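Here chain A shows up in two complexes: once beside chain B, once beside chain C.
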Partner chain A sequence: MNFFVDENDRVDGIDKVTGKAKYFAEYQLPGLTYGVLVTSSITKGKITGIDTKAAKNAPGVLDVLSHLNKPVAPGYEQAGGSPMKIFYTDEIFFNGQPIALVVADSFERATYAASLVKVSYEKSAFNTDFVKSINNPSAKKLQGQPPYVRGTADAYKTAEVKIEQIYTMPIETHNPMELHGIIADWRTNDQVTVYAKTQGVKAAQATIANVFKIPQENIQVKSEFVGGGFGMALKTWPVEIATVMASKHLKRPVKLVITRDQMFTMVGNRPSAYQKVGLGATKDGKITGITHTAFGQTSVYENFTEGVVNMTKFMYDSDNVNTNYYVVPLDLSVPIWMRGPGEATGAFALESAIDEMAHALDMDPLEFRMKNDPEQDPQKKLPFSSKNIKEAYKLGSAKVGWSNRKNKPGSITEGAWQIGYGVSIGVFNASRGRATVKGILKADGTLVLQSATSDIGPGTGTGMVLIASKLMNIPVEKISFELGDSSLPPAPSQGGSTTLSTVGTAVNDVCVSLKSTIAELAANANMSTTANFVEVLKKNNLPMIEVTKQSQANQQGKEYSMYSFSIHFVQVKVHKLTGVVKVSKIVSVGDSGKIISPKTARSQMVGGAVGGIGMALTEEALLDNRYGKYVNNNFADYHVPVHADVPEIDVIFIDKPDYIVNPMGAKGMGEIALIGFAGAVANAVFNATGKRIRSLPITPDKVLEA
Partner chain B sequence: MLNNDIRQSLLLFKPTMAELDNNQSGDTRRDFLKKSSLFTALSLTPLTVLKAAEGKVDERFAELFEKIPLNLKVNNKPYVLKVEPRATLLDLLREQLHLTGTKKGCDHGQCGACTVHVDGKRVNSCLSLAVMNEGKSITTIEGLAKGDELHPMQAAFIKHDGFQCGYCTPGQIMSAVACVREGHANSKEEIREYMSGNICRCGAYPNIVDAIQEVKEKGTAI
Partner chain C sequence: MINFQYLRASVVKIALSLVSKDPKATFIAGGTNLIDLMKRGVTAPEKLIDINKLPLAQIELKNNVLHIGAMVSNSALAEDSIVKEQFPLLALALQSGASAQLRNVATVGGNMMQRTRCGYFYDTTMPCNKRQPGTGCGAIGGYNRMHAIFGTSESCIAVHPSDMCVGLVALDAQVVIANAKGERKISFADFHRLPGSTPEKDNNLQKGELIVRLEIPTNNLYKNFHYLKVRDRSSYAFALVSVAAALEISQGIIKNARLAMGGVAHKPWRLVEAENFLKGKTANASNFEDAARIAMYGAKGFGENDFKLKLAPNSIIEALTVAKAKA
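Presenting the complex of A and B:
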């Protein structure tokens, strides 16, 4: 089987450029009401009273819900456990915790009435200071992952050349452009429709079913267009449950759209990290030991862990590797996976350390990486299903102009700017899961495909339509892919770069089955087996045929190590007087199997690099630990990259199919687009200036002070 | 003369900040509105209405004063509306006129998702109260295409894949059209500078710049 690449536009492009695409908050329902949240102004303690009298008397207010008058949610009746049961506790776990919901007949009235709610508290001592907690031996630390040891632990300590450094990262926030929220509309006492912003309509359906103890089929979750997620919409958050409760209680549809500052406290974040990497090598550049100890932050009321040290276990050939990962519970809201999740955090530390070692050895960091590139997965002791790292290094370095790089830092100057080059690798699991797709092939020449998957932006529908188009030889405009509705055949949530592989395989299987059915029908009607399906259906008097296929995770994971890889090359300019860092050139190389949808795939790599610029240079959710509050919880003070921060970006795809992973030969790329990027920038800053910044983001003050 | 009287009566009964704080007096903004509108009404309305207000038949009466008449054009269609003075142009478009192509991203003028044209100029509609737009002509993303024929900027965004999730897209496109019309699209550098008020978290920036540059270079009147 062979797939041709095709430069097709997004299937939903016209909807998105004309304003027709409907996001969750844009459904008009008769009798719609508006919810606005009241949040805690303290960081830890108990609510002693909520005075809602003035708010309830304010014009247009229907009710004010809190733990004092909570509507019944049977799944929340049992005390304790996680996740946080909104309105079922008087405890405050973090500053900005949602504690009441005001519902009124207009957004303005609800907003005003929420300002009238008076809450009294009993305060307790709290701790939101991550770095201080790590250095405090009595502060609680939980093991986030079992310790890993291959060969001898801490072997780097006795190496001929050794590096031992600490790398830190602040909290980052996903902040998709669309504000989070939900519309809930109970049609009867046990049937509800929700318009959600979610990466998983089936997961949202299951969560709501568990809370309200009603059958899943009584809950319809609609989420056709999602204005970005980056991981934060992988969970149905307490504020969504609060809205579903309110709608049930008031017997009216209720809409909640949270504010931008609430996006910092109510829907997760990428946790801050503190990582120690020890690296040992022989004088001629062979790695002999890697030790990676990482700390992440979590909340006191719910635990969160991620794969910060995963990549260290297999990325480089070393007989001796050991890792440890701990999480520190703080009085902050719980984190959630953010694009590239823990791997992006780990890659910054590991790839910085690799660069530091190359410098210590006076080797070109590319040469050092290639010298230690393993032939097979040293952790699983399995061959890679496919890995074209050396080719990726070659193509990317040629494109970025690596030959212009000088190994001695601070060698290139252009006026007031110092120029440097950096490289880093990214890697993410290329697994696939279970999904079901239904295909309806019609005598009018069209094909409809359905699956309860999502599209948070990568172009799910576009990719699926391209897979079907190539297999069925039907033009893309005759194929539609329906998603974002829990009543469609089940599919997993969109996360971990698995959608194309998982749902795409089911699309593949549906198409293969449809083709064989058409061939049988053709034979029955004495037609050529290559006859057009429209003619075949007509001859058989069939208006349509339907096929539903479930595709399982494959078993190849037992025989092969399956990953997607990326190599990021950057050129930076560092201003000598101000310390400003500008990323001036980017070449990102994707080694993620066959590229199904080149246009959207390229955009995904570009988007990852842009996210990487933010992680490397600007993004930092700042806490005032005296109050446990964020001080920059808005887009003016929390700096995500804007147009002026982003240069032209070259994307190169290796574009070689990996049929071990799936029949399309395609592997995911959402995560690898970002993983490693920040390390490449930090390494380039070192190459430009000789200053090693081990604390993200690399802001001008750090460059000047280093 | 009449206006002066109204001003006088309002000044006389102007509540202090302490009175406005409902902790102190139990008054709410609503009560303040009732008071002030009552005194406005004193000068303007017939005796019967005044009596109704005094007699606590005031719920709906006070609401009359929470709604301000507004005449404006949106996408060349005239609207005669009554709006709350605190409603933003953005919320008016989305919640009352159901023109949801204009997006809410921050309500603080920091992201550009709500960009519309007001009398031809790009404006963050979240920073403009609806009542400030009396007599003005608004163009939203829904008013950009001519029927089924896409505006050249919309077509260029599709061609260059200038979006992923699509949420910032209407704002980017409205801003991009204005950027070209303003004469601020003469180089990639200039486009980046003049488009920096429109955030795209998916990171489609290079594609957006390509789309704008192509429209500019084609020189079609937009």
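Presenting the complex of A and C:
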């Protein structure tokens, strides 16, 4: 097919909307079998027996795997390694823990047989109550990050004006549309092919190699298309290992696709958070002290920490800052980074507190932020590689109509609705790692680029093709970028807003090298150095040339502080009688260097804003702590925003290159699209109503009762 | 697999006989709720009688009574021109329910027969008197933010999830039920039940009976009406509280009033005393507030749903205010 590709379009957009793009669960292998999990119905304790007789006798069943017939996983015998060893012991760590895998010749037969497995337990007392544990001094708390002190600790307490508040957030689940799973095909001579849903094919390959103690090169992990990840596919989960075990044991390919309710317990979540922020300022609005103490939830069997208090250390100019971050181990499954990760959690608390202080000082919150905007990074004491926050403020506030905002809350009314405006900052590391890219420039005029990176939706291939197209002066339709296969040159997992910077730099280096090789070949053939590469290759009788380049993590971190920034402006309407909050206007400004792919970059920001509406207004995974179970583990009751919740979203990019970070001048933006958004909504709700909601999500009942 | 039988009936009589003979047989129409219940293991019928081919999909106005076949889809009913002109409250209630995709396949009869969305009802490892009598109520003392404030019992505080039914109970609909003996007719308000000590029974339909039609008398309530649904997101979310309000106003005086609520009881909750209070009164804010106060007599919260004690009267006031302003 030869269709027109606009430089703004996704290179794989047509494949995605026509169904040509193949996702992991769509691979049809000869002799494919189907796995269905049996899960723990208790929250803590031991399995005393698993009766698999009826299941094994059910039609089509090949076998039932559990710790009783412990499949061989030599890596599990070593100390350390994977913290959750599936089918290894009789221990139950959380409700819904996978404890057996039924494999049958059809999904339906496996599902039925799984219902026939009878498990007996010895129950123990458990604790899944996060808030109760924080307030209980004897409940275990672990240091999640070393304490940080700059200047005097708790300096806010003696400030002229002070704010001291608690902000809470519930568990959020990633729940991309595509369910998690894997197809594992373990063949003779320990050759393994895996069709996965992963953000890192190389990481998945390494994990499987470690557990089964076979060479990495025996394992091929394929994951070309991913139906959303948001962080949950950054890890090869125990249930995926179980599927590989089953394939090895049965000598058949095995497919596992977990159910929607299992998406709440088997593939991580954004942990709930409890944060205390103390903020002190002079009467004329200079911050004199910030104290940020955060608690996150983790599991008893594996620790999880994230950057909840990172932003507090450098975002505002204050001589005195101290932070502390603890995690509370609970009898729940382990969390994992979810878009914006801990920084999004921290930003909600810090940016709410900043807004509270601006109100206490009777200052415009924008003016207050400007006044305390540091010239250099006060934590690292280094200049920023680039930072255009003041310009972002100016552009965003003009677009949202900030001048209509009244500093006094509850000033604007439209019938039964109160109108308010809010703003918040988002910030995330603009880091860069090591990646390898191979380029094959062919005499037919095409360029093929290869790297074992992933695309969970941001448009990785599109960005890379655009970088190459510009450097090589080759039209985008003549360039292809191959990813999502562990046999390609190595690249890190897609996470932490690093892919464009990391892999893009290697693409850049490959292109630079290809150009110089072409120039050399041209000179050898007495051609002009600007001759077209097709002519040069032909003249040299070369069907193609190949170049492989490895880019390195950048070394500028000693001289510069490198971050991407975002500013989110929202207008909300709050119903006076029902407490319903509607986000009625969104302006998100991205300050993330040069924009390589305007259309997919905009989509990133739009997706972040929609996720932000979810975080602010609707998303909450609810636990019944009496049972240690989720009570809304489905898409009807776990509310992700629907179209009707999302107004038109204006995205503005500063679009100024930052060549300190990488040769393209582009910084990552997956996280900043979400970080800060929920704070902007909470601040707007306050501006509309005078009600400060410090507990997410801001549902009608909370507004009404405030 | 549980190999259930699937049969398709095209005549009401045959459909009835197929179900009445077999204790484990059940009707299936749109299936938007039943299939979920089967997948979750809440119910396991051995025989499904598909009634989609029954000739019950007509909407007709006869002698000032609107006849709605039980197999009319929710979207067809909401878009019907007579319904839009003469019963716009019903159209609005229908459009507030579920999602466009669900409304396209969900039927009128099926909507009435849908089960509660209480999480404890759907999780077979949790206690629930409605699913398994005698196991207790998980929601009492548990997660009950979505639950009932009216007509509850010690055994169940679940709510009926329908929006359409809230509109229908406000409009004095009648339910026509077919059985082996012929047809019987009951008022819509008497169709659904309160939980009492038998929460497993959602309604008064007997085994071997089938809803064939609804009848709604025409009225003068098509000018000043509103259906307000307060929910956690703008679409595809069950009501925290919903209100169907319709007023007949003449020279500022309320001649007739209809009020019903959803999301507050085990059945669509008609507010007759508040209606009676409003009749003959001036359509103004203070009377709306008084009506809302009257409507709340006997309401009781269970902790997480205490906010409904405030949200419900506020929603009544808002619905009446919008209804009045519509003229």
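Observations on the structure shown:
The criterion applied here is as follows: the second predicted complex is superposed on the first by the 693 of 706 C-alpha atoms of A that agree within 3 Å, B and C clash if a C-alpha of one lies under 4 Å from a C-alpha of the other, contacts with A are read in each partner's own complex, and residues count from 1 in each chain.
Keep this in mind: a residue touches a chain if its C-beta (ideal position, glycine included) is under 8 Å from a C-beta of that chain, and two chains touch if they have at least 3 such contacts.
None of these values were measured; they are calculated from a predicted model.
Legend: residue contacts after superposition of the two complexes on their common chain; A:Glu351 is shown touching neither chain B nor chain C. By the touch criterion defined above, A:Pro700 lies against chain C but remains apart from chain B after alignment on the C-alpha atoms of chain A.
In the superposition on chain A, contact of A:Asn632 is made with chain C only, not with chain B.
By the touch criterion defined above, A:Pro641 reaches both chain B and chain C. Once chain A of one complex is fitted onto chain A of the other, the partner contacts of A:Glu671 are absent, as it touches neither chain B nor chain C.
After superposition on the shared chain, chain A has more residues touched by B, the comparison being chain B against chain C. Touch criterion not met for A:Glu224: it reaches neither chain B nor chain C.
In the superposed model, A:Gly607 lies in contact with chain B only, and not with chain C.
Using the contact criterion defined above for the overlaid structures, shared-chain residue A:Tyr112 touches chain B and also reaches chain C. Across the superposed pair, chain B and chain C both touch chain A at residues 108, 112, 634, 636, 641-644. Within the complex formed with chain A, the chain B residues making contact are 22-23, 26, 28-30, 59, 62-63, 66, 84, 86-87, 91, 94-95, 98-108, 110-111, 113, 140-142, 144-145, 150, 154-155, 157-159, 161, 163-170, 173, 188, 191-193, 195-209.
The touching residues of chain A, when paired with chain C in their complex, are 41, 108-109, 111-112, 115, 416, 575, 577-580, 582, 617-618, 622, 624, 626-627, 629, 631-632, 634, 636-637, 639, 641-645, 699-701, 704-705. The touching residues of chain A, counted against chain B in their complex, run 9-10, 12-23, 25-26, 28, 54, 57-59, 106-108, 112, 116, 118, 174-179, 225-230, 257, 259-260, 456-459, 599-600, 602-604, 606-611, 634-636, 640-644, 646-649.
Remark: chain C residues 1-2, 41, 117, 119-120, 122-123, 125-126, 138, 141-143, 145, 228, 230-238, 240, 307, 310-311, 314-315, 317-318, 321 touch chain A in the complex.
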